[in-house]
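Next come two complexes built around subunit A: one with subunit B, the other with subunit C.
Moving on to the complex of A and B:
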């Protein structure tokens, strides 16, 4: 048995090296799963957030600014569910001037040049700003999604949330990294 | 034939060349996303599912997760305390050098449960049992995953009643750290800190943490301790935990060092017996280190390669017991030493050749170098220390294992899981452990029908006990389970699990005038039902669970130490953004003691209902403050003893104050 096991272990070592070698090979990274999950988070967020007053427009407007990496994920998801009993409307915008009546603004990718302008237009208004870049939460977006160990995690900027007038469930807050920025 | 099997595995892996991957759409669909709860979504990996990184509803087992937030809100101090609020958990806390967790009605020396820290086993190598107690740095835990039922088909030996996986906080989380100080009655003190940094541009990060705890845990002297020990008894536990993790792109390296120093007083009854109840020391240290490489960039497959080293050593300054001096005998101190180490490599892959099929496979090789027995030395008197024990004779064991599991989506609602693991050991030969599961998911309802086989291999601790028995075979368990859960809304979850487990060839002590050893003899059957619910309404979080368990042997005789009824409930209320209150309660029904208890004249441990509370003031300019009271009504309650004719008094009212600073 001992000899047998040793033989197997030697074979095993060979396989480990073989596999690790293979693992270094070229590859490409499909992002659809990441953005499908992010679209799922966006839908779940709406369950745990209350917008002040009643939503006056007939639809619940979600805007995406920057490159659309969701594909059709947002349309697919929000065609099957309503938000606060309203049909969701997804709009893709290139400028904050198109933000009219939006309840959620997703800031896609890196937008260092436009972020200040976006925040100037949204801070203090009942617009849930969601970004996905390290440091954007600290700069003032309400929710900032990050990849941690291949899982999606998120930060919440408490001051930005407080200014927006949005009410957020403790379930969201408890699962978040809380950021407090100085006034 | 086995050589051919290895070759086949090599071919499968070699076949996973990058060129063979296309950019097909991910199999995850929007319908799947909409069916998930928020917690499910948090547990979804961005790259692809692996054997443990699936939504709980898709895992072929019942899983409960204790989150970092729960650990903080409830101020859990030990691993057993964290487990005590889960369904199906019972305990034998000897308030000493160890404490024991019984999952789903199977009492043991903690060797029917596999304990992992960041996926690496930390069960003691010589006995196969993990150590309960305070040496786990819970403030550094991201979550504790508790997998119910056998999992030998993936994890091998000891994964019989279940698995507990403590996952520490990742370096990739927000940079920063915390430092905390705790103080309480029974001379309880704790200090801990951690520090993390992550450089996202370079994908490099590190975390370090350290913890020191000390406590006398309870007042057990004289009548307070059921007259098992004298008024001069000594009972302490000092714990050290040090850990470091580093991530460099796809590589992760880590080291965890734990040391537990404890008095051995409660291991023996001293009033009316020959043992002295002070000046003993059990000193055991655990060292785990690993290097992992993960390739998760491919859409269809993931590869995890890992090399690891484990060491668990009863250190040579250990004084196991002291024989009291008498008029005719000077007494003696007895020193113990038992080093053990293991090195291993594991290569695990997940492969999704078609949309409906997920294959999970792995190969493992390990080499153990384990003490044959304790090396023991004796002193000449009660007062003098024994000489340092020499290194004992060592045993070498080689283990080789491979496993393969297939998850196949039969339809939109039904999924099938089938798998097996094959273990070879130079000690106990070979064991095959299969698993089968049928999962049904529709809307918010999940049903799982599961069959698992599991085993616990005998260890030197078993072979060499007493007069010894080299013919011991692994204990084997067959398990059937039906698990149902209904996520009524994102805020409300109901679940239940019905199980029936049978352990065959159970290790049983054979004791007579000439023999004292373990043999494979008895059977243990456990059947039960667990019910649980979680509810969140505004700032209120509520959980409750109830377990009925019936454990009996081959003659239908009730197994001692196991209560038929246990229940737990708790509520956390966020009064404001900065103030939280938590109240918990644990109920354990009456249970049999292995021996007649001298102080009561019978062999029953009374039922007990306990209440605990914690007030937290958090995030005030980075500071957290916690006031916690356990057993707030100072209930007198006991745990069973399998060591001497008596029972173990459990801690009286216990309170702690903790101050932490987060930066």
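Moving on to the complex of A and C:
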């Protein structure tokens, strides 16, 4: 397990450096780096979260809704790493109707119009919703990643978390900004 | 004075107190040292496990920053170490052993601790060094290293020592108070005994008795001391009784002696008076006899035949002899009563005078005189001359049968007195009768051998005694005699 993880991390680091190297000459360097980090974060979050009950599907499905800014980063990471002893499967969707047996929903970019609809679908289900937009955490996504001074910080909505039935490690909770919505 | 003597001179009371204090101090010190050591060790262990727990907690907080490779967050997490006052430095290393974050931020990153030695927690030179691996889901993400001082521990230790010292002082004072009260149980009877013995030896009063104590050693001592006192008192009583008896005996003896002396003196005086009056009264009839014998020879001497004249001669001779006898008796009794007039007397002159007086006795005799030079003494002039006359006359008389008489006179100076002697080569005497020599009418030779009336030596003895001297004699039959007398030396003031 340990060895496996080590290899995993090393791969990640290699990818990060490779990507950094490739992206160096491009204008979109900053953005690529940001999403490489975010992809890594996404994988790391899974270590601190327990999904309730048995998952019927054979794969661990991760859905990305909206524009895919990751490129192949997610596939690269999850092709070598198993989540909860399962192979990850990444799907890119455009509608919440396609949310089927998803464990993680990444809400990419700004989706002010669709957010309420998405959240209506996910709230109360064991789906880890991750957004990346200021204010989305308050609106009801479980984790909201923010870029602060070139560092990625994240907010966690306590209410959304408890409604989802997911179990999150207090360590992660301690290192996040906690949002409490009055509902 | 040696050390032991110094200890011996301390009173029993102080000795007991000193022993109790010494024992208390030793026991308390040992006990307290044990407790303090255990307490300090315990505190140290506690501090160490507390630090370990803290390190584990902080380490847990480091999981997320390490996972997300977030150094800033790691620094923030480490900054929580500030809530643990004793922590001076914290280092977080990642899984490759690279320094990931430090506390405080400003910490010199070149001075990275190396002496971890693989031990989780060690205490060295007043510092705790804690090494805590950061493990998440079985994977070691990094290592947390903490250095903490032990100021709190030191302060605690100091406080503990102060409290212990105060306690020791308090307990020693308590021991002293208790010891000085309780030691009386032992020391009081002994001190009382010492005091009593002192009183007894100064007052010599053995009639005291000690109040009996318990049956311990001191009690036995008291009992024995009482027995001793009883015996001493008994002995003293016996001694007093014996002394009283001796005193009474002495008194009665002195009384008897005084009585005897008085009666003796009275008898002596009576005798002297009697002999004076007798000799005086005897002179008158003797003068008559002599007078009429002379008249008879003058008037009728021619008418008497040869036989008649021989009778008259015998009467005259006997009468003369009686006259001499009376003279001597008178002189003897006078000497007894005579007042002494002491002057410085040159003994050489006395010998000369005596020889002049005795010139008649030496005519026709062959006498070899050996006379030493004699000292000057303090004496009655006339009486001393009488002594020499008597002694020399004696010597001349008793050497009468020697062809050549040798008479030596001399003196020796003893400590406080002169001893004079006169030695002759005459008839001598038997030493067995030496004590009779100086008695009145005591004669060792018959009148046929040597003429004499036996008063001369008695007279000598009387005179020398009056001068506080002594008389004695040595002799052997046919080998001569030596007469000695002593006189005190003149005390030069």
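By our rule, the second predicted complex is superposed on the first by the 153 of 183 C-alpha atoms of A that agree within 3 Å, B and C clash if a C-alpha of one lies under 4 Å from a C-alpha of the other, contacts with A are read in each partner's own complex, and residues count from 1 in each chain.
Note that in this section contacts are C-beta pairs under 8 Å (C-beta built on N, C-alpha and C of every residue); 3 or more make two chains touch, one makes a residue touch a chain.
In this text, all values refer to a predicted model and were calculated from it rather than measured experimentally.
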* To do: Please indicate which partner A:73 is in contact with in the superposed arrangement: first for subunit B, second for subunit C, both, or neither.
  => first
* Could you look at A:36 and tell me whether it touches subunit B, subunit C, both or neither (first, second, both, neither)? => first
* A:175 contacts which: subunit B (first), subunit C (second), both, neither? -> both
* Which partner reaches more residues of subunit A (counting touched residues only), subunit B or subunit C -> B
* Asked: After superposition on the shared chain, which partner residues are touched by A:82: those of subunit B (first), subunit C (second), both, or neither?
  -> neither
* Is A:151 in contact with subunit B, with subunit C, with both, or with neither (first, second, both, neither)? -> both
* Asked: For subunit A, which residues lie in the overlap of the subunit B contacts and the subunit C contacts?
  -> 1-2, 5-6, 40-41, 44, 47-48, 151-152, 171, 174-175
* Quick one: which bits of subunit C touch subunit A in the complex? Just the residue numbers, please. => 60-61, 63-65, 67-68, 70, 72-73, 77, 95, 136-140
* Any idea which subunit A residues touch subunit C in the complex? -> 1-2, 5-6, 40-41, 44, 47-48, 151-152, 171-172, 174-175
* Structure fact -> Within the complex, subunit B is touched by subunit A residues 1-2, 4-6, 8-9, 11-16, 18-20, 22-30, 32-34, 36-37, 39-41, 43-44, 47-48, 73, 76-77, 80-81, 134, 147-153, 155, 158, 169-171, 174-175, 177-178, 180
* Contact set on subunit B toward subunit A in their complex -> 2-3, 6, 9-10, 13-14, 16-18, 21, 23, 25-26, 28, 30-31, 33-34, 36, 38, 41-48, 69, 170, 172-174, 200, 293, 295-299, 303, 305, 345, 347, 349, 363-365, 367, 398-400, 424-426, 429, 490-491, 536, 538-539, 541, 574, 577, 619
